[in-house]
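Below, subunit A partners subunit B and then partners subunit C, in two separate complexes.
Then we have the complex of A and B:
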């Protein structure tokens, strides 16, 4: 090996080195993100029905038109949005309360913080199954409690509204601890000197919370909200384990799964997934604009 | 260079030992669900291997529900994965397996024997397993829905076994009133959005002569479907069935009857052995079984169930796999499954077998029910058809939709699945 070649290899020019160092990450992103997303878009303009042995053919925007005309798609979007609108603020409020509680300087803080993480560590489908039992009309805890206070039993899963309420409760229980975790980290970055100064100025506890804690927490809240909203749009495990009457409470992710996995209709399922992708992008960009705007 | 030569020599030596062991057994992988008694299947395969030293059969056990069983096969077969050679498929699936090209047609292996070989099976099963003139699978286990009833209660009230649903409702109400037990259900059937709810919908509809698909087209009789759903709703409204029947899945009916909380139950054949033999059964010796009631002016029909052996189109050992499923279709195997697993044979002759008559005496009377049971719609888009029916039957029983609204959606969804 010539000396010059060895030098070239050991000391490459900046731009070559840059690409060489980027290559592994770039290849990984291409393989696990770009390629599947590209395939998704490609499938969404095709007729791909694997269960019927039909030839794959190009159908342009037919799948998209069918999605927009499909009442079951709109029902699944509505159910998904109900879950987003109820559980994102719900988890934020409960998570904030939990974070404030865990941030209090008491002695048994360790075990409390550990307990706080328990719902987060519980698998989603497991959570759904546990709550499905809670709300079971005959064997459930909830109807038992209702009976004790003199209220009649309800068949929760016979009503789309009550089922969605039960799903939202399970989701808030499950996701509040993740919120609390991020907010707790945020709380701990607020300098104690701010509270000391407020104390000296005679600010009440409530004023301190409103004027110091909340504004200082905004960046953490935004991060938590983005994550929470995206996972809420993808709600699958909990609603699928707590089915209401028929498919009345099916979410968008459940509808995609039914079309693409159960019916092996990859074209239609991909078109549905593109809509979910668009929905996620739209909501994330709203948040990001808010973040760039300095959180105001 | 010398190192390369040595490596080549070793590789060739290894290769030659490979050919020297050409008699190495053919590996077959069989897939059955958890409900199809894998313990018995394993012993049957062991027997097969003893008789066929050139073949080694490995059993893979799948899910306990037909839906999950199928989900797994969907994954394996859309990937054209050759690791499974033979599998049991639900009686509703052959059309999809044929359309998707997942099952190896068996007629080319049966050849001239086809007629005589297939004649041993009940005609309904031969029809269900024959798609477009090709034999897609061989019937393994038969099943049907029966009416189980509390013999002791019917005797106490001097009531005959009901022949119509109306009569069943009257008898049930009389016994419920007489027993003063608010927990006692008149009838239990499948109202949850599971596969069983498809049969729930079809029983009264078929009884009136309705059908779903004819010649690949939707053939839907709204008046009959509405009468059928109305009959079930009436049972719920009158308190004969419990208010949350929409939460009752297939095995819930079995468990609640077994706990002594139900007078009449619509359930599959497997329930019998649980009722009579389970340690926790409150109804052992008090159970009768009969054909299902009819709608007024209609006939008694049952829903055909069962499992069938298919050979994967992607298997690398098709002749050996076909040989295995042919062996599993022998009357001796069917008898073994009846005696030890209380599975209904799909072969009429096996019902007359002395061992079968001794082990499961009621099978003799069950044969006409099994033989006349009707097949659910035969279509490559069965899953879509099944979902449309079960989902809407469930919403009606939950009181969310009227039968008329539900029938609109059933019609639209099936029409769309058949058209697209």
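Then we have the complex of A and C:
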């Protein structure tokens, strides 16, 4: 190879080099996201029951119609919505409280930071098991504490309602510390001069919180809330690790996994997954509209 | 704001520490309790007679070293893949003349918001067709994509802070641009590479849905999946599960002890996932 040719290959014009450097990332995204998504939509209008060994055939919108008529689908949507409605605001409130506490002027920040990172780094599946043990009907800590305040023991995992409550508590614990880290970063960008000025004006602490802290935190809260909502609609690890009676507390993600992987019904599983896709696209579009609206 | 009193600060610290550490400590205590102590009423809070039998059982009842090895292999391979691809992309975004830079950035954020559950169904189908179920690759490629957005965004912010002069000097000395990237920019952005790498590692180490769906064979199970296998149909050997959980937490605790400041800065810079 001549030296000039070698130099041209190793030192191409800038925009060519830019796209060449982006190419591996684009290829990976095409192979692992774009192609599978095309396959998902294709499968969703097919009858693909691998366990039956039947030939794959086109069925139009039959899978979608079957989903809408499926009470188990609606049950899983309801369970998922319960988790979203309880844990998204729950994690925000707990996360805000943790962030405000962690933002006090401590001499060493290390231990506080570790205490906020530990729940974030604990795998979700571990969190589910740990909380399942907390809520154990006979030897669990929660029933022991209830007994100490004179309340009777609950058999948590015998009732769908109580199981969902336990799942929500585990989820809030696991996700609130990430929320706290984001909000803490937001808190630290608020200039101290704002508080000093308010102090001079004789504003109470509560007024300072309501008039300075909260409004200044809105951008970081919105971003954290969107991402929390997107992960909450996909709740899987914790509900799987904390099973209630039968499959009463199955979430949409659990139902999709069961249909596609356990029963190998890829047509129906794909149609279900398309609903999940639509749900998260709706949430994402709200986010993108907000970002384009110049928030942040 | 007026500095609150010492007592209030101690109380605040106690609340934050208890919230973060209590579940891990409770599992640690449980892992040292004997079966007899565990089923005594009222329950004990601190093990009266610490035993290590549960740790022995954790290794006896399930192939725990295999699970740990699989998790480590998948996490490290996907981290390496993600970091390599992300540093190339981040360099293009941070440094080069790139038409449609905004579109590229929007695309990255969009990928990060894509629901994994939706992706799992066709990926399972594809991996099954390619005969890749129960291999490391069934997880390495998806995990690399999972971490690609956050790695790219973190690396972009670090690359932007490296003075261009250093790079230009390297190129005057005869380095090509790509050479300058790997000899000058990446080493100088080492903190950013560590930050992105840590986030990628933890993402993969924690992942459960794909691991459960793709790799169900014992030899390829990762830790979060394997740890669910201690339970029988009617039995929950809690002391053994607790011991296994403690062992599984060790790598995570080491990572956050070593890289805590970087992780926090990376999480808030990337502002992604949770």
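The rule is short, and it goes like this: the second predicted complex is superposed on the first by the 259 of 296 C-alpha atoms of A that agree within 3 Å, B and C clash if a C-alpha of one lies under 4 Å from a C-alpha of the other, contacts with A are read in each partner's own complex, and residues count from 1 in each chain.
Here, a contact is a pair of C-beta atoms (placed from the backbone, for glycine too) under 8 Å apart; a residue touches a chain by one contact, two chains touch by 3 or more.
Keep in mind it's a predicted model, so treat the numbers as computed, not measured.
Trainee: I'd like to know which partner A:29 touches here: subunit B for first, subunit C for second, both or neither.
Mentor: Only subunit C is touched by A:29; subunit B is not.
Trainee: Would you sort A:137 into first (subunit B), second (subunit C), both or neither based on which partner it touches?
Mentor: first
Trainee: If you stack the two complexes on chain A, which partner ends up touching A:261: first (subunit B), second (subunit C), both, or neither?
Mentor: Both: A:261 reaches subunit B and subunit C.
Trainee: After lining up the shared chain so the two structures overlap, which partner does A:127 touch, if you call subunit B first and subunit C second: first, second, both or neither?
Mentor: Once the two structures are laid over each other on A, A:127 reaches subunit C alone.
Trainee: Looking at subunit A, does subunit C or subunit B touch more of its residues?
Mentor: It is C that touches the greater number of subunit A residues.
Trainee: Is A:157 touching anything from subunit B or subunit C once the two structures are fitted on A? First, second, both or neither.
Mentor: Only subunit B; A:157 stays clear of subunit C.
Trainee: Is A:246 touching anything from subunit B or subunit C once the two structures are fitted on A? First, second, both or neither.
Mentor: After superposition on chain A, A:246 lies in contact with subunit B alone.
Trainee: Output check: A:290 vs subunit B and subunit C. Expected answer is one of first, second, both, neither. What do you get?
Mentor: Once the two structures are laid over each other on A, A:290 reaches no partner at all.
Trainee: Touch test for A:64: subunit B only (first), subunit C only (second), both, or neither?
Mentor: After superposition on chain A, A:64 lies in contact with neither partner.
Trainee: Quick check on my understanding: which residues of subunit A belong to both its subunit B contact set and its subunit C contact set?
Mentor: In subunit A, residues 50, 136, 138, 261 are touched by subunit B and also by subunit C.
Trainee: Residue numbers of subunit A touching subunit B in their complex, please.
Mentor: Touch residues, subunit A against subunit B: 49-53, 136-138, 155, 157-160, 243, 245-248, 258, 261-265.
Trainee: Can you tell me which positions in subunit A touch subunit C when the two form their complex?
Mentor: Residues of subunit A touching subunit C: 7, 10-11, 14-15, 17-19, 21-22, 24-25, 28-29, 31-33, 35-37, 39-40, 43, 48, 50, 98, 101-102, 104-106, 110-127, 129-134, 136, 138-141, 144, 147, 173, 175, 177-179, 181-182, 185, 195, 199, 205, 208, 223-224, 227-228, 230-231, 233-234, 236-237, 240-241, 252-253, 256-257, 260-261, 266, 269-270, 272-274, 276-277, 279-280, 284, 287-288.
Trainee: Can you tell me which positions in subunit C touch subunit A when the two form their complex?
Mentor: Residues of subunit C touching subunit A: 1-4, 8-9, 12-13, 15-17, 19-21, 23-24, 26-27, 30, 38-39, 41-43, 84-86, 88-89, 91-93, 96-99, 104, 106-107, 110-111, 113-126, 128, 141-142, 144-145, 148, 152, 176-179, 202, 205-206, 208-209, 212-213, 223-225, 227-228, 236, 238, 241-242, 245, 248-249, 252-253, 255-257, 260-261, 263-264, 267-268, 271-274.
Trainee: Within their complex, state which residues of subunit B touch subunit A.
Mentor: 71, 74, 78, 96, 99-101, 193, 243-244, 246-247, 380-381, 383-384, 387, 391-392, 394-395, 398-401, 417, 420
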